[in-house]
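The structure's right below; bear with me while I get my questions together.
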């Protein structure tokens, strides 16, 4: 699949006293980016939860190459790398205003029934959409 | 009532690029402080939610007198100022390591039934404890 | 002056276990909104800091009328209420997707020399712009 | 080296609408834990920055095994896995109240001169302390 692009402007509260966007905030940006990707393919994350399914993060791996600074408009490229069983793997690349890759990441979420806490298959509509997307 | 004292050490992620604890983080500290006050008088906030009642914030007023810096151990003094109907008003004072008052606040929470979203009286056990506390 | 409008989509990480946008996050939204207002009138907040001046928050007063929920697109109306000496007072109103006012706030920032920590007048270019704006 | 133990009580603002501590908050806890480890061996992180050196995160890898819930007191075990050149690798394990491992992580920080942004060796006092620690 092609990667899906979102932009984010680094806020003042994202920074720490180093003057960098605090590293924990990338996880927040990547969370928003993956549900925006979902929205772009017709899947509304709130509806998934409404059906009693949650998609908690089970693995994250981030590489911080260069810092992001306050007020910079960064580009986040997101793609679904794989989808097997209950697991969806997202791949990310963040680009700064001068075109440099500043962060790379891989984040895995799992499909889980909220009530039981057990891993499950995503609803058929979603798994069909994801499979079709990955093959593109 | 006498004020209840908690301490908090400012973390790196609390800071912003001014080098100050970001002003939004006082609200997080004050939230923790009020439920620690509750714990100290025998009320467990998680149990309140378990009974279907939430205590959302409905009013906050904060005065930022001096900044708090990374790694400082600050003291938060909390007291319940009033309790009427569904509303509990908390008063706060934050003191830095050199004894200066750096922040003062007043925060009001309301007792709300989670399912209906309507204001309600707190469970009797809690309202009795609060009334007794305020009279002291 | 007329109010300046920004929009914000509530993220997953903004929510707490009540299912509401955590009350501390309004302060982050309002911070972004006021520097976007500044940008719209030709003042870049990063340039102010570059000149050795910071604008820390010294007073906040927020009224939480209704909760904001995950994925809602909220509208934030910001206006400068007053500007006297070193102090700028911002007024906010947040509107949800169905047109209801969910939050109202007043936030005061002070112009401060970063090195001395003392209150100061804003650079002339900024104070001229602000005065002209308020009179409109 | 033996691991260094810190505890953390999950706050309300740490949670998201799943009812879990939001995954980004582990990075904040781990940051605090590594500077507490430093404090325990006589190194004050603020003093490092005071000497013009920062220790930004350059790599993180986290495995989320079970969720942490509001008000739980979690135990964070931190150890320095390796220290070579400018890089220090920390290893973490988080344990919940019933003794289960809920999170495992590896985080690498780099020693960087704040002014140049270039990697550097840590001050001799620190590198001596770290080397001695790892050999234990």
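A few comments on the model shown:
By written order: A, B, C and D. Residues from 1 in each chain.
In this section, a residue touches a chain if its C-beta (ideal position, glycine included) is under 8 Å from a C-beta of that chain, and two chains touch if they have at least 3 such contacts.
Note that this is a predicted model, so its numbers are computed, not measured.
Across A-B and B-C, it is B-C that has more C-beta pairs touching. Farthest from chain B, judged by the mean position of CA atoms in each chain, is A. Taking the mean of the C-alpha atoms as each chain's centre, chain B and chain D sit 28 Å apart. For this pair, chain A with chain B, the centres built from the Cα atoms lie 33 Å apart. Chain B and chain C have Cα centroids lying 24 Å from one another.
Shared interface positions of chain D, i.e. residues touching 2 or more other chains, are given as 12-13, 17-18, 24, 27-28, 31, 70. Residues 9, 11-13, 27-28, 31-32, 35, 44-46, 70-71 of chain A are the ones touching chain C in the complex.
Chain contact summary for the complex, chain C toward chain D: residues 12-13, 15-19, 22, 24, 70. The touching residues of chain A, when paired with chain D in their complex, are 17-18, 20, 23-25, 27-28, 31, 49, 54, 56-65, 67, 114.
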